[in-house]
Amino acid sequence: MTEMTNSSARPGRHLDVPRVAKDLVVTALIATAIFGSTIAFRTVSAAGGLGLTTRFDVAFYVIAAVVVGRLLLWIFFWSKPAGEPAVEIPAGIKSGFAHVAARLGKIFGPAMLIIALVFPFLPFTDRYLLDLSILILTYVMLGWGLNIVVGLAGLLDLGYVAFYAIGAYSYALLAQYFGFSFWMCLPLAGILAAFWGIILGFPVLRLRGDYLAIVTLAFGEIIRVVLLNWYKFTGGPDGLSGIPRPSFFGIPFNRGEDGFAEIFGLEYSSIHRIVFMYFLILALALITNFVTNRLRRLPIGRAWEALREDEIACRSLGLNTTSVKLTAFATGGMFAGFAGSFFATRQGFISPESFTFIESALILAIVVLGGMGSQVGVVIASIVMIGGFEVFREAEQYRMLIFGLAMVVIMIWRPRGLISTRIPSIFLKEKKAVSADMVSQGEGH
Amino acid sequence: MAHLIDDPILTVEHLNMRFGGLLAVDDLSFSAGRRDITALIGPNGAGKTTVFNCITGFYKPTEGRITAHHEGGEKYLLERMDDFKIPKVAKVARTFQNIRLFGGMTVLENLMVGQHNTLMIASNFTFGGIFGLSGYKRAEKEALELAEYWMEQTGLTYRADDAASDLPYGEQRKLEIARAMCTKPKLLCLDEPAAGLNPRESEELNKLLLFIRKERDTGILLIEHDMNVVMGISDHIIVLDYGKKIADGTPEEIRNDPSVIAAYLGVADEEVEEVEHEIEEGASS
Amino acid sequence: MEYFLQQLINGITLGSIYGLIAIGYTMVYGIIGMINFAHGDIFMVSSFIALIVITALGLTVSTGLGLTILALILVLVTAMVIASVFGWTTERMAYRPLRGSFRLAPLITAIGISIVLQNYIQITQGARVKPLQPLIEGGYTLMTRVDANGEFAVRLSNMQILIIAITVILMIVFSLMIAKTSLGRAQRACEQDRKMASLLGINVDRTISMTFVMGAALAAVAGLMFLLYYGVIDFFIGFVAGVKAFTAAVLGGIGSLPGAMLGGLVIGLIETFWSAYFSIEYKDVAAFSMLAIVLIFLPQGLLGKPEVEKV
């Protein structure tokens, strides 16, 4: 009951009508400039040059929607006196929620793991869901890999997809030219990607945060352009096809006598391979997670986090920051390399199309939205983003637009990501999570 | 007035540091004794922090030689070393004027990062550590003990698991010193360690520094404005003004040096009293 | 020699366009220390708006010269105004709420805005390449050479003269604006110390908004010139042009206006000569590698001030 009296004591909603009206007029003008120009008119090819089609109705609806939306925001969110949350949640519920969230946080990881392990055997799991979860797991793995670079070491990498591409092409080319099997190529792909990480990292890691970001972006583009134009070696835009599928440790998934189904006394089904793929990527992702968690508790992992917090202090303590950065870059690159060779074997076909900048942006968005440095956050963000992508599959054209908007909105809503507390790597008496405001996000200095 | 030191931990010879047209340090030579507390004082902008940055490798001096002398007779030419090798190899650690802690990491983690190089070797550069070899576990335990030791000395044990940026200012200063001590330095360079401390805290700091010198066999070089700290604990004081050394001696000698009084305070003590008196009169009328 | 001269002219033209885009990057970086990743896409949007207005006005090559110039001024003004609205709105919605937040946050929203703008234009204007018949023809033949391979003429087209002239004029106007007006003074003050500037009564938010508006307006000039010069645009031109213009800004020394122009010229020349003498497929690789090389060996750029690390 105390909450009731509290809220009634506060000043109520108040709408400053002239101000709102002025704001709405400005909004309408801006919306007209933006949508009136690009939606209302569209250039089309016509005889002897270009013609123009008009869609004033659509433009009008969009502008009206923007104005009405803003009015609704005024009425429901911005009518409160400054400094108060837009939507009130009673303190009791708030603390209860925090309590529940904290307990959920503890069991969330193990619960997810159990679900992931039994998922292929659940009654409703069909081929579509399996394919989707393989995709999600691939992004979870990539997110965990990039988390080492961005989340732990605080180095902004916008060209992460390059390592993914190197992994995929390493496997495809090694299989094509030398007939290596998947199990031989997997470690090689990781090593090659890590090696490239070191080669690239050595000159550029001295750069400050956003310079580093742009150089890594340029590196990603260079790799893609080379893959696209080196026709003889990489197949250029046609890509590489006929990449061998993985075997069950030497036993192929086919109908034959020495096939997987025959040997294990099962009826042949094409789903076996999909299930195997599922467990393969799950295992790879879990290895990534395990290694990352392990590294965090070792001096190298602590050095990564220290680097994110303050590079100058690191140097004053005798840390060779160049090698600290290189190891982060190489480790992150290695996991992308593993994921890349998995991608190649799953698709059976790769081309430079799959390794565009958007892919890097997607992985980075997963890491940042999940909460940098948080392993669980990456899982949630992957499910939300990739799952969300699937939901909007129907709206093919609009889904990238929605993806971009979601990136902006979520970032403004939670700049620190969904899960932003940091768990210390070592403790004396009790493990206390460090609140997000304390944790620096790496200025790259 | 040159102060002769038989057994220096650090010698600085003819140090010059130029930024564009500005000569921030002008032909500075001095030395710091192995188990001494040496203070570097001077008015704002005298070039003290620049000297520190040259010693600890953050700036490369325009000219001059900076040498660290270890007890075994090894010499390290600091101006030629990479910045991170200075604490690692030459064993010269430092703190910063505007505290630089790993804010999002706990007190204990900060102290563990201070022991990075030792732990790195013990973990076989990660490869041993990742498989949980016992050698690393032992080293980690020792590192934990050293961290606990310094937390005890600085009174931070009760905050071991709190984020460094959660600590109040005074404790952050102490933590920075403790973290530097975890690198097991032979020379500890402190850039204004008493700045912003209240009298009680600065008293504690004095005790800590004296303890470090006595028990840990570590020389201390400090920049300080707080004359209680400087005069109270220093064995040897060097005074800088406009990048030049204007005095060098024991606290007693410095206290009575007229050129120091002129440069440092601008006016003599008696005049200060006079000025204060005038101000009080002005305020009451 | 003649071939070289021709490439030089082409390179300077291309460099002028990059330089104009680069100014937007350099100003925003100078004032809030952020890479406005969506800037290249503002350039792309403005070239589409220019195309729409040109089509609406029914401009063709047969329109008289005087009328064409008059119409192009109208096109330019419209494109600049609408691009400014895009730039202002982006700043207001995606960057301002994150001011004071950690550094990566606005970069992520900038990437988000870049994706939004590209896909918005793809949806509203179509994914296909838009061709525009040349509007300004003619030019001068500077030199001709006749040899066994036939005739080779070095030509300076009217279009190229127009692009270079407009760039030079805008550069002068702009430098004067930054040097003389109160807005320019406010910008320079915010660059030095934002907090102090606001304590001295400068409306920092407004100054930052104006910086975005100015950058977008210049990008619109570049957008129109790109459209007229190349005659083809699509929704993806902003990304590559953006990265190259950013390279130009860094090469010239980020924060420096003449630097951005100089950097633009250098990048334009490198790209043109690389395409002319080596391989056209790898021209982007050349530009991107240039970025990496510059940042590694000359991080302060050609005209930037070296940064002293504060300890």
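Letters A, B and C mark the chains as written, and numbering starts fresh at 1 in each.
Operating definition for what follows: a contact is a pair of C-beta atoms (placed from the backbone, for glycine too) under 8 Å apart; a residue touches a chain by one contact, two chains touch by 3 or more.
Everything numeric here is computed off the predicted structure, so don't read it as measured data.
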item	value
Any chain that touches chain C and chain B	A
Chain whose mean Cα position lies farthest from chain C	B
Length of the line joining the C-alpha centres of chain B and chain C, rounded to whole Å	49
For chain A paired with chain B, centre-to-centre distance based on mean C-alpha positions, whole Å	44
Whole-Å separation of chain centres (CA-atom averages), chain A against chain C	30
In chain A, residues with contacts to at least two other chains	312, 440
Shared-contact residues (touching 2 or more other chains) in chain C	309, 311
Multi-chain contact residues (two or more partners), chain B	58, 96
Contact set on chain A toward chain B in their complex	291, 294-295, 298-300, 302-303, 305-306, 308-310, 312-321, 327, 422, 424-432, 434-435, 438-440
Residues of chain C that touch chain A when the two form their complex	33-35, 45, 48-49, 51-52, 55-56, 60, 81-82, 85-86, 88-89, 93-94, 97-98, 101-105, 107-109, 111-116, 118-126, 128, 130-133, 239, 243, 246-247, 250, 281-282, 284-285, 288-289, 291-292, 295-296, 299, 309, 311
Complex interface listing, chain B residues touching chain A	56-58, 82-88, 93-96, 100-106, 108-109, 112-117, 119-120, 123, 125-126, 129-130, 136, 144, 148, 157, 160-166, 179-180, 183
List of chain A residues in touch with chain C within their complex	30, 33-34, 37-39, 41-45, 49-52, 150, 156, 203-204, 206-211, 213-215, 217-219, 221-222, 225-226, 228-229, 312, 357-358, 361, 364-365, 368, 372, 397-398, 400-401, 403-408, 411-412, 415-416, 440-443, 445
